[in-house]
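Next come two complexes, and both contain chain A; in the first it sits with chain B, in the second with chain C.
Now for the complex of A and B:
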């Protein structure tokens, strides 16, 4: 009897109010809605000149037209292919190289000065050279995406390997681990979170690069369309493409972040 | 042949010295100075001393993880130069791979020693069960208490079936109550097959409670000060902690360690 009454309060499910449970998405959505509303009202009331600032409703109307005509899917496809090729190459180069530099002091000393110079300089200064080498088109765009994404991933991978907990290395050695064992079973899994963080940064750089690249060295693609509509002062149309590319970048970033969270499930959550 | 079996868990340390070069200078620092010690097969030897007496360094040398300046360490007649499957080490906290589960961490040791693939999972699980963590086999280290993590550490060392178990302050990060429970648990496991055990600690009670012999180390440079035989019956129980014999050992050890600290202070006062 006493047991029954004592368990009763535990059995009652404590339910938080709706707002509290979905705190994050609600606040985020509200923030976006507020911004759109202010934008719309400001243009409508003449606080700002709608000719230069555009208006959410105008962008929406423009979007309907662009989705129907304007080869929207094709431009997106062109941008996507440049991004995907450049990013895949960046992954293929940066992760192995970053891992190697993480374990090799000599390699690090050798490659660090030019690496850091390239990492900190805006890669876009290389664009004119790339155009001469690779011409206007896919090659240059892939190269510029590659250059944008490769460094953050490589630098983070290297830092992940170097930041390995030496106590884990000692423990592995005590059990007779070979250098390869330590690399594959301690260093690589241990630096996975850092690698993914680099990938997430690389996505941002890569998306930026593909747009900038297309503004200058392309006859098609999202960046090309943005440039064209910008020169024609058609900001409604320009914004449709701008939103498309930021949505793509944002989606990819969120996807990588979800992967990071999965991999980090072995870590203390807070 | 029978000679080999008898000698397999016997460790002999002869005139062992270990030196370090201090970072950013050419000064040589002697961590362990001409230590000689014989550890019989199947005995439980504890090493105590204040911090900086070289006790952990000595243990790392037995593990084959650090080079020696002079002298020798032999195990079962063979020279110890690098880590080997005849020794396994239990570390302080935080030596488990955080991305592996309890089971995966025990398995890790078997993988490194190239155990055959088909029974590796089963064997790892058996040792997880032995330390009482069957229900937590799929947990990650951060989800466990400090005591549970050390159980994993012990399981990981035992599963590779070493001749000698080396323990470097394995309970140093635990609270007093958990320590006592873990000491009981460790002895219970050790009594089963009585592997040679070498246990480094700075806790005097722990050293007496666990050991057949207590090696007291002194500092500057690290050396063996005394070796005391602990004549308490096994299995040891926590009731013995208050027995007259235990209290006498405790007082004796305290005096040795205090004398070492005092000698050091006098040296410092002179300098």
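Now for the complex of A and C:
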């Protein structure tokens, strides 16, 4: 290694070692693989009861069966439609509201307390009431997804606006920016990372809400299947559905995170 | 009195805001716009709360829920905060934890609830674990991003004045990230409460969530609303407390903070 670096310093400058360039994916993948291996071995060796913990290979076998039968695509579709509708509504409401609350002191004083009360209250508990109001099915599920996702996005948007760099504000004012300019050109771009962080949190809450909603009321959907298999103690099958919905949430979260990294790239770094 | 309101307007405005909501709610029912069966009414809920307080039902449910909530939250703060600190300290640790944290983020924890019941039994231990699992991610994520997103100018200035890594962490990053840490705690309080109540809905012998699912099955809106109001009050107390703390921690910042 020493010989290599000393004889070819130019190559070292242009190409960092493979491990260093791909540090994140390698370490993350290794860590997941270790976990899966431990899980498999622990169940195989009888350190834990495989009936209660399931096993990666068992889940894989169950997945092949479920993908082929069990109306898998249909259940996923049912869950996806409720999630998409509820989340779209949450985005449409929470970002404008969060921006407004971030800018307006009066709005914060009067509107924030009831919203925070609703935010800290477990909105899952509203489900039975929502069912009375909207009926069993799409309406109540969309409503619970909306309620789940709307608050994290709103709170983070608000925090982003309030946390705006005051030197930028001073600079903008010094160069004669109007209030509208400051809002559109300083506060909104400045709070974008925070907004996206809220969206990221909101994705998790929305996915949770759709599952809980379906576990309580639905006749179909991923949550319904999870409840059914949970009650039957068929954890292999339960995990197939739980991982499916988790993967969906994970994919969406990663997408938001990539967006976040892109947007953050204009900022100077340390 | 007026001076007091002007000095600290937040509680008074909140009070007005809630009073208006209660008034509209009560009037909507009294004037027959909405049936009391659907939304109950503040007066009905108040009477129900008095009844539950007298019979001791309220105290039992409240103490059970509070106990589970606090234990879960403490675990979340200790473990989530510790992991967040570790991850902000070393990129490798962050990358090791990353997949699990993001999995935890995006996976609906409640989907694994039946498995926890199988491991820990129905009731208290499972509920505490659910509260912990619900609350731990925002604490971790906000600790990490708070410390990592420290103002680069501050870091540069500190380094220029000879700050070591240790100084940077304790004197720049940690105070700088205080608002985000408390925002994380705020999120965690809400989530821990959600976790407790959601788990109680599924299976418990006492607690506010249990009371709601119990009365929910009987379609008794008033009794459900009573428990909901208690939970909301709990949430508000914690949130307002954290808000006050946030203001105190943030006081050193200068300039026109909006």
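FYI, the second predicted complex is superposed on the first by the 250 of 270 C-alpha atoms of A that agree within 3 Å, B and C clash if a C-alpha of one lies under 4 Å from a C-alpha of the other, contacts with A are read in each partner's own complex, and residues count from 1 in each chain.
Here is the rule we go by: a contact is a pair of C-beta atoms (placed from the backbone, for glycine too) under 8 Å apart; a residue touches a chain by one contact, two chains touch by 3 or more.
As the structure is a computational prediction, the values presented were derived from the model and not from experiment.
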Superposed partners chain B and chain C on chain A - clash or fit: fit
Touch check for A:238: first (chain B), second (chain C), both, or neither? second
Apex chain A angle, CA centroids, chain B to chain C, rounded to a multiple of 10 degrees, is 80
Just checking: does A:201 make contact with chain B only, chain C only, both, or neither of them? Give me first, second, both or neither. second
Thinking of the overlay built on chain A, is A:170 touched by chain B (first), by chain C (second), by both, or by neither? both
Please name the chain, chain B or chain C, that touches the greater number of residues in chain A. C
Looking at the overlay, what does A:137 touch: chain B (first), chain C (second), both, or neither? neither
Who does A:107 touch here: chain B (first), chain C (second), both, or neither? neither
Given the touch rule stated above, what does A:185 touch, chain B (first), chain C (second), both, or neither? first
Which value in Å is the smallest Cα separation between chain B and chain C when the structures are fitted on chain A? 8
Go through chain A and flag every residue that touches chain B in one model and chain C in the other. 165, 167, 170, 268
Touch list for chain B against partner chain A, complex: 63, 65, 83-85, 87-89, 91, 94-100, 108-109, 111-113, 140-142, 156, 160
Where on chain A is chain B touching in the complex? 165, 167-168, 170-177, 181, 185-186, 189-190, 192, 263, 265-268
Taking the touch rule as given, give the residues of chain A at its contact with chain C in the complex, in rising order. 23-24, 27-29, 31-32, 35, 52-53, 102-103, 109-114, 116-126, 128-129, 132-133, 151-152, 155-156, 159, 161-167, 169-170, 197, 200-201, 203-204, 207-208, 210-212, 215, 223, 226-227, 229-231, 233, 235, 238, 241-243, 245-246, 248-254, 268-270
Taking the complex as given, what residues does chain C use to touch chain A? 9-10, 13-14, 16-18, 21, 38-39, 91-92, 95-100, 102-103, 105-115, 118-119, 137-138, 145, 150-152, 155-156, 179, 183, 186-187, 189-190, 193-194, 196-198, 201, 209, 212-213, 216, 219, 221, 224, 227-228, 231-232, 234-236, 238-239, 255-258
